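Both of the next two complexes hold chain A, though its partner changes from chain B to chain C.
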Partner chain A sequence: MFKFVVNRLLYTVLVLIAVGFVIFTLLYLSPDNPAQFKLGNTASASDIEYLNHLWGLDRPYLVQLWDFMYHAFIRFDFGDSWQYSAPIWPELFSRIPRTLLINLLALLMNAPIGIFLGIFAGLHGGKWQDSVVMIICMILVSVPGFWLALMCISLFCVKLGWLPVFGIETWKGYVLPIITGALGGIAMNARQVRSAILEVFREDYITTARAKGVPEHTVTYSHMLPNALMPIITSFSGAIAHLIGGSAITENIFSIPGVGSYMLTASQTRDYPVVRATAVFMCAFTTLVMLVTDLVYGFIDPRIKAAYASGKRK
Partner chain B sequence: MNEIKTKSIISEPQEKQQRTSLFLDLCKRTVKGPGAKIGVAILAIMVFCIVFANFVAPYGENEMDLTATFATPNAHHLLGCDALGRDLLSRLLYGGRYSLLIGVLVTIVDTTLGVLLGAIAGYFGGMTELIIMRVMEVWQAIPQQLLAILIATIFGGGFWQTVVALSVGGIPMKCRQTRAQFLKESGREYVEAAEAINCTKLSIMMRHIFPNACSPIIITIAMGIGGAVTGAAGLAYIGLGVQPPTPEWGALLNAGRQYIRLYPHLLLWPGVFIAFLVLSFNLIGDGLRDALDPKLRD
Partner chain C sequence: MAKDIKRVSAQQRKDYMRVYGNRKKSSLHDTYAEKADKPFLEVKDLEVIYTSNKQIVKAVNGVSFQLKRGESLALVGETGAGKTTICRSILRILADPPAKMTGGDIWMDGVNLTDLSEEEMLEVRGAKIAMIFQDPMTALNPSMQVGKQIIEGLMLHNDYTPAQAEERAKEMFEMVGIAPNRMVEYPFEFSGGMKQRVVIAMALACNPVVLLADEPTTALDVTIQAQVMDLIRELRNKLNTAMVLVTHDLGVVAQNCDNVAIVYSGQIIEYGSKESIFLHPTHPYTIGLFGALPNMNDNSERLTPIAGTMPDPTRLPDGCAFAPRCPHATDACRTGVIPEKEIAPGHKIRCIMRDKEA
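Presenting the complex of A and B:
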């Protein structure tokens, strides 16, 4: 098992370094001129040249790449924001907790509720309870999440006045972002669990268990569910990628000063160091959650355990 | 003479019949459930209204009526008007052309590239597969929407930029899916037979394996169009996609966002249209999944 963990850790580090390279290269390819963007159209050529020199943009690609990779991955320093000429790290650090709080809570919410709904629908397969849950989930999967968030603002914040329209001065500001973030995931999980349960229904070992005379609720809870819930662990990584990727839009809608909105404002002002820093952070977080789900899966799934155990013996 | 006649009578029509019946059979099995029927109906109505917007829409795309600015839904303007007195329903119908086209184009681009890369990786194996799959894993570590925002940052907003930004993020998933299918199929006897009669590699991949491997990809295509429409709307909403005054649905949401307090109907209807379009594709996708599932056959 130790080998499995080390393997996954090394792999994660390599992926992150490659991601850093991809993000840097993508932004390097941009045809825009950030110095021109900051100084405006009336800027003189010498001023632009000065800024380019100051930001190190007149150096060759490989030198810039090495500079970025060295500072970002070895010294954890993302440099200064071009727009505000201030270090990025303190600003980013103050925003990280808000983004993490919203996304992790949404993630933690969508698993239990989604699984419960999926089990409920799956065990009632074909009856009206199943249809009701599945119709609701179908609608939730289809509705764009950010539009649902807008509609919730319009209803709960503007019309009813229960919650603040924007800002996060009190805990109330977090309610809608978390719920609207979780809804899509809940529906996705419920659909997946339901189809997994319907699949397990047809397996031979369920028939065997019933034939042995195992009570029906034992069949459900200790034979069916553990097998049906395995795929849910892997769905976590997809859910977190979706949540993190959508956080720019969510934070924009709810005016939350998080990592996503930091990235968005930076991308509008061509503040590439900030865009790079936020993008690397988001990818790192996504990759870490994927790593954790992989490890959990490895510890739970006897097949992966066995594969590594037998590998050791050889 | 006699021989030729019998050949042409017997072999050709039979082949044709079988081909059409396979496709028709799939269609029939797809729309068996009530969900897929509703999906097809919604999609048909929406596509008809969008394609023939010139005839269906009550007003022009940019026709202004300054006496009706911010009109709430009424008899003249079924869904109300925007800040310049443009009829929202007409703009939604015309805008659907952009949204639907983005959805279709994105799906075509990422499916073509993803399937091609996945087929190469799955069929050739070895070093080729290793390189392609490692690249895909790194690619997939960047969340799709984040990648779209990055690409939109670099190339700016606009119709074609949105298509590129969204299709790039969809390639890894299609690639992995295709590779898994090709791995499963490439060991089968018919592949060996095709190799034995000296078919070219391209022909083996595309004419022999692909038809047997494509059912999961068909489902992702159906669902992917809806996903791309939502993605494009999200990008446009934060100002990185199609720009107003183009009436793409996300751009309409973007234009309406400042009026959320006073005129929420400007935000309501574009979302409803997106939701219905995505819903129809999802329902059809579910129908296809059931139709293509070998366990549920017969």
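Presenting the complex of A and C:
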């Protein structure tokens, strides 16, 4: 088990380095001129040249790449923001808790609610309860997240005045970002759980359990659910990636100073060091959450648990 | 061990009172000895249909049989004849929809199981009537330790503490020849034959009075088949359990059963003691079944299969369902209902032609 975690962590580091390389290269290849962005259209050629020299953009690709990789992954220093000429780390650090809070709470919300709705729909397969849940889920999955967020703002913040339109002065500011972040995941999870339950429903071991005289609710929770959860957890990590990617948009709509909005603004102003830092951070967060889901997966599926504890096998 | 049996039987008495105590049935006052001779399980005119795409499939059409304590009955027939459906309807675990029991009664020990509520049925399943399934590969919950799967049933039907249940589960494991320390393992860590042993241990853990064995050896290879059947026989003798054995294998029937019912298109077309069926098969279908068996003393190059296939269960023919494949069929066979006739004591067939000859 310990060995597995260490292996996965090493693997995560490799993934991060690869991400750093890809991001850097893509930004290097982009035809934009960051100095022009910073200085505006009236900037003189010599000013632009000066900035390019200051930022090291006049050096060869490999030198720049090494410089970035060395500082980012060995010194853990992402440098200064070009736009604000201030170090990135303190700014990023102050933003991380907000993003983590929103994403983790959204995740914690969408797993239980989605699973519950999925079980409910699956057990009533084909009946009206199933149709109602599935239609709602279909709407939630297909409606774009930002549109849903805007509609929520206009209903709860503008019309009803229950929640602030933007800002995070009180906890109320976090309510809508979390809910709109979770809704899509809830719908996705519910659909997946439902189909898994329907699949498990006709398995022989369910009949075995019934033939033993096991009451129906125990059949559902201790025989169907653990087996139905296995495929769900795999899809769960996909939902995480989706959620984190979406947080850039959510944070922007709700004007929350988190990592997502930092990244979005930075890419609009061609603030490459910030883009690189936030991308690496988001990637690290995603892979870590995926590691956790893999561990949970192993906890539920005895075959994988046995593989973790290999060596002990008979 | 002796103490254990006593405890279980006291428990069974209690179960009995709990389930049947408030019913005005004379069986409650029957003595054990009296009961031993009476049919313990009686299936009467069982009818089951499956509905699929608005089509009605008549899977079981008026099946009746009886079983005394400790007795064993074989249900023999082709795939799709309705044997498994019969077993599942006794336990009332048919998947509904699409299956539905449309008629008939199932009497067990003076109680009509079809009248019981779902809660009362829970007390019967696994405790009084247990079932062994066809495919051990899929019959066990893959994410639950095998020991827990046995303990679960034990805890439901007995007043055991968890420790007692575990003790009993260990005993069952020893009985079926698996080291008790493997109780904490998961089904994927067992071979097919071992899994079937676990399934058997699970079925017999609560000392059921009736065991429904649905092709318990079909998925296993021949040597394991023999072991598994020996094991079932041994445990049944120990616990005096009656058995309904579903099988295609006439060899297994010969070794394990007292009576044989030949099932065709959801009907018992021939019923009798093992001896009468094996020595005097009378229904043309039964004769055909034996004709399809290899014979060691015979030098014929080819076996004789029964021509044709079973009729489409959505459109069963009038009269005898076997008539379209039967070499002796006449016009009389294709109309009306074929009645059951007793051609020798305890030997019944549904065939008007052979019935005349006899």
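Observations
By definition in this document, the second predicted complex is superposed on the first by the 300 of 314 C-alpha atoms of A that agree within 3 Å, B and C clash if a C-alpha of one lies under 4 Å from a C-alpha of the other, contacts with A are read in each partner's own complex, and residues count from 1 in each chain.
Here is the rule we go by: a contact is a pair of C-beta atoms (placed from the backbone, for glycine too) under 8 Å apart; a residue touches a chain by one contact, two chains touch by 3 or more.
Bear in mind that the values here come from a model prediction, so they are computed numbers and not experimental data.
After overlaying the two complexes on the shared chain, residue contacts for A:P226 are found with chain C alone; chain B is out of touch. When the shared chain is aligned, no partner comes close enough to touch A:I113: not chain B, not chain C. By the touch criterion stated above, A:Q268 is placed in contact with chain B alone, chain C being left untouched.
In the superposition on chain A, contact is made by A:G213 with chain C only, not with chain B. Shared-chain residue A:R202: touches chain B and chain C both. Set against each other, chain B and chain C touch different numbers of residues in chain A, with B touching more. Touch criterion not met for A:M69: it reaches neither chain B nor chain C. Once chain A of one complex is fitted onto chain A of the other, the partner contacts of A:C283 are limited to chain B, with no touch recorded for chain C. The intersection of chain A residues touching chain B with those touching chain C, taken from the two complexes, comprises 202.
Every residue of chain C that touches chain A in the complex is listed here, in rising order: 88, 91, 93, 95, 118, 121-127, 130-131, 133, 135, 138-145, 152-153, 156-157, 186, 188-189, 199, 202. The residues of chain A lying in touch with chain B in their complex are 15-16, 18-19, 22-23, 26-27, 29-32, 138-139, 141-144, 146-148, 150-151, 153-154, 158, 202, 241-242, 244-246, 248-249, 252, 263-264, 267-268, 270, 275, 279, 282-283, 286-287, 290. Those residues of chain A lying in contact with chain C across their complex are 202-205, 207-216, 222-223, 226-227, 230, 300-303, 306, 314. The touching residues of chain B, when paired with chain A in their complex, are 35, 137-139, 141-147, 149-156, 226, 230, 233-234, 237-240, 253, 257, 260-261, 264, 267-268, 270-271, 274-276, 278-279, 282-283, 286, 295.
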